[in-house]
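Structures for review follow.
In what follows, chain A forms one complex with chain B and a second complex with chain C.
Right after this comes the complex of A and B.
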């Protein structure tokens, strides 16, 4: 009898934890239903069975998602990377300069120049990533402070390189990467999906991923079990910076100009995407699928509210409410399931 | 005599630079003034261009120019910079206040310390100075382009390019910024008064995020297939909107009027991304702000308001040197 009660409790906990696990996707589904109903009743058209809307939301989600992917690893490791926004800006400026230089000064063809720009943007991002990692791993600077410092340094470097302006890029191939489509799917979305799959593999199937979870759950335990935590930390922040670098390099193609402030407004969106996706800022939990859902939630809500013509000021409120609800779900999960974990 | 000197300097500009010390008895005592320029933010092409104009005037007049500001448009960041500048005791401060109300007291400190205060681009109080009305009228002059007029000019140009009918909306940064609010106000007023066949939809705020501005265009177009035009009230609003139009496959069909003119607009006008770009004249604001400060410091009176102009750029006139020189450059 006691046994049955326990198993029933576990079963309900199982269901509950599944809901908690998938909460970002459930939330996304509810949002889509809400917008679908509204769009059908007010405009007589479908919100979601609409290739145009899906493309727009997909493109909208790519930049915060790319930042969020690297951020997911960092947050799972109980760290945070506040420098991603300006690492993205730095990469955008450098890739714009590099692509221009490759075609203008070195005389390369536009396609090679485009590749040159992409590689330069991602390459320059290694620097802030490496410095962040070294500061946090070797000098034991708290991630919040170390990456906040890098936020300033990357920002200053980006503005200096751009001369305070935006750096125009005139390169048809680069513009194609940013705005083109293959079989109706935006190239930005294709690239992002590939990166998502890579990151998912890295986090869920490799030793690096396992170590990241272990490190985030308990630093002491990770050290005792022989994980080289300082090398792991450096890799994590480099990974985060590379994701931001890619986002920056793609920005320059999309808007035909590199801007130092390209990623500034995206930092909070990227953290919000990770948190809505179910990762805990205390480390040890989170996954890539959740972050994808989180980024889609943010993009869908902002896009949808404009689509159904809600007054602009309500849009700010709505996004804030979603973040709060998500954190509340996380908290209540801890309260309800907290005991079970120790069993 | 004094007045004539001032006018000579205005006209002669750079020519004065080399010979100034010899020909100007007003500076017989060889007093070199320090004029500080505090921009709304330092990382913006508009203010960088303003700095260039101010520097040109300072060089021409043989005066020292300080340029110090915050990296973001933010009162809490600008005030400490202002206080540090005041501590250096410049003779005059040219400032683009980041708030109409919150900068009044900090600037009053400068005024009480005997520093001449001028507002450039944005203002404190109601922007009308030296009226004897009260607390916020102590700045000597307000040197700026009329952003309401700028919004009207954008409205006229956009109306023309969409055949004076259809639906348009304003893509704006965020509410509460005096200049962008005024552009929107002027745009809407002009449409309402003189273009009855154009409907202005709800304004969309993008937080200066091009990505968001682009998605907003797609969302608005998604429900309003007859969208005809967009007014991008600043650089990122315009570039973001242009990208949204492109993503929606409407390039060339939905027209965009952009406000502000960094060098990248040349390409964007030529490839049809923007139909028109409205350039302010920030270098002119910096130049005449500095000249006004110098005039005041050397005992001349200055007008309480100096209005600077706009240039409407299109792909047809952008190669004209008289238009091209209004691009924002450092």
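Right after this comes the complex of A and C.
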């Protein structure tokens, strides 16, 4: 092959891999264009240039995104965390109880009680996270099974603690965290953006992140490099649970009540966000920006379908189809771009 | 090679697993700048011997001397800290990471971004990768690409590069050419010669007599846990080595 032909092929490879890399963002753009065209032709108004719509999509995206952030780390490590939804529910119930108890029984002011609730919600999530991590790292339980067991345990614990009901929270500060706005931006969105930046730093710039990628690609490589893989594994599942705990604690603010089923539909959404974002379920690849795009895709589908008056149940169909397409793209790119080059 | 300092002495080493004697009174030496090939049929004890040297197994009898001092490694990390690196057949590379990240895996360098935020020093990793690969006379350009996109010989070079960057004096290679095509095998053989010229001691296990005769200074043949013979390539031939391996 001549030099120009080679470089032309490499260029087309480069372009192709860029499209594959950015597929979630490209898909998001296409979705937005679709709803924009629909909104203009059907309602004669813009879909995107509409503060209300943007705020709604932003809020829709926060919970799947928070769960998806921790899930991103776990999936890159070639694991999976099926317990995030009910860890979130457990955290929602516990934070609601804790905030009520702090103001009602301990007599603390509402602001401190709100903080107490947030900390309790995140703190209680440490338990399922730690148990998941220990099961997987020390007892070598496959992540799918270990976290599926925890799915049941956390679900039961959450319903028991809630007494089978939702736990109302009467705390103005807590409601402000869940529904307030600063300069028009929902506080939930602000908190989520901060967590996104933190997770991006953790994944892309620290040894912990680098070791997560290495571990996901080759356990043997990680072990022989002297990485403590069991401590890494425990940290990964604790991180995932803490993200779910934060999502649960914020849920109690948003709905002024903690509910065991708070995160029930979000397990699928969290995995979908990660996979749509370009991570491989085989481990070793993925990034935070992709997961952000994935969560925005899901939120746009969910809100957009309501916006154009389609039966809301279509959102499940749409998200499911998008997951399958993402996995197909991931597999075909392995075949297309997986070839080795010599120099 | 008698003038070069002896890096490693294995004296009368034995190892058994339950009732099975995997090694019985095996001795061998390795000098700086020397390449020793370890030959033998399946189950002859080659793997047990290199695992004893690299700290995976503890020996039951005999001793291992490193530069004249007796050593007893409890873990492979201890052996590595003493300059003994083992490159297994599967290479144990993180395929999704670039060359530099593989060299530094587990020991990543950091720098301060904006003067306060600790971040991975990717430039240092890429520079070290470039310099290390040049030392191996392996010139690759793509220091951002994951190592999965490299050829088998290049990946072997990355694994060796990881060892020599951390100042390994003794490299143990398990079947380094087994999974490779012929041109790639030649590259690995020349890689071993480069290591020899740089004064490293190399022990390699191989089934490939052509590779053994191409690069080894001495050939140690094991059979059923004992040393069946030790030859220099000049004083022997393939037939004799095979006879020593299978007995008779």
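The criterion applied here is as follows: the second predicted complex is superposed on the first by the 330 of 343 C-alpha atoms of A that agree within 3 Å, B and C clash if a C-alpha of one lies under 4 Å from a C-alpha of the other, contacts with A are read in each partner's own complex, and residues count from 1 in each chain.
Here is the rule we go by: a residue touches a chain if its C-beta (ideal position, glycine included) is under 8 Å from a C-beta of that chain, and two chains touch if they have at least 3 such contacts.
Fair warning: this is a prediction, and the values are worked out from it, not measured in the lab.
In the three-chain model built by superposing on chain A, chain B and chain C fit together without any clash. In the superposition on chain A, no contact is made by A:27 with either chain B or chain C. Panel annotation: after superposition on the shared chain A, the angle at the CA centre of chain A between chain B and chain C (CA centres) reads 140 degrees, nearest 10.
In the overlay built on the shared chain, the residue A:256 is in contact with chain B alone; chain C does not reach it. Of the two partner chains, neither chain B nor chain C is touched by A:237. Of the two partner chains placed by the overlay, only chain C lies in contact with A:207; chain B stays clear of it. Here chain B and chain C are compared by how many residues of chain A each touches, and B touches more.
In the overlay built on the shared chain, the residue A:284 is in contact with chain C alone; chain B does not reach it.
Shared-chain residue A:86: touches no atom of chain B or chain C. Taking the two complexes aligned on chain A, the least Cα distance separating chain B from chain C is 36 Å.
Across the complex, chain A meets chain C through its residues 201, 205-207, 210-211, 213-214, 216-218, 220-227, 284-285, 338-343.
Interface residues of chain B facing chain A in the complex, by the touch rule stated above, are 42-45, 48, 71, 175, 202-205, 207-212, 214-216, 218-220, 222-223, 235-236, 239-240, 243-244, 246-248, 262-264, 266-268, 273, 328-330. Interface of chain C with chain A (complex): residues 76-77, 80, 88, 90, 92-97, 101-102, 105-108, 110, 113, 117-120, 139-142, 148-152, 154. Residue ranges of chain A in contact with chain B, taken from their complex: 39, 43, 50, 52-53, 55-57, 59-60, 63-64, 155, 159, 163-168, 170, 179, 186, 254-257, 259-262, 264-266, 299, 302-304, 306-309, 311-313, 315.
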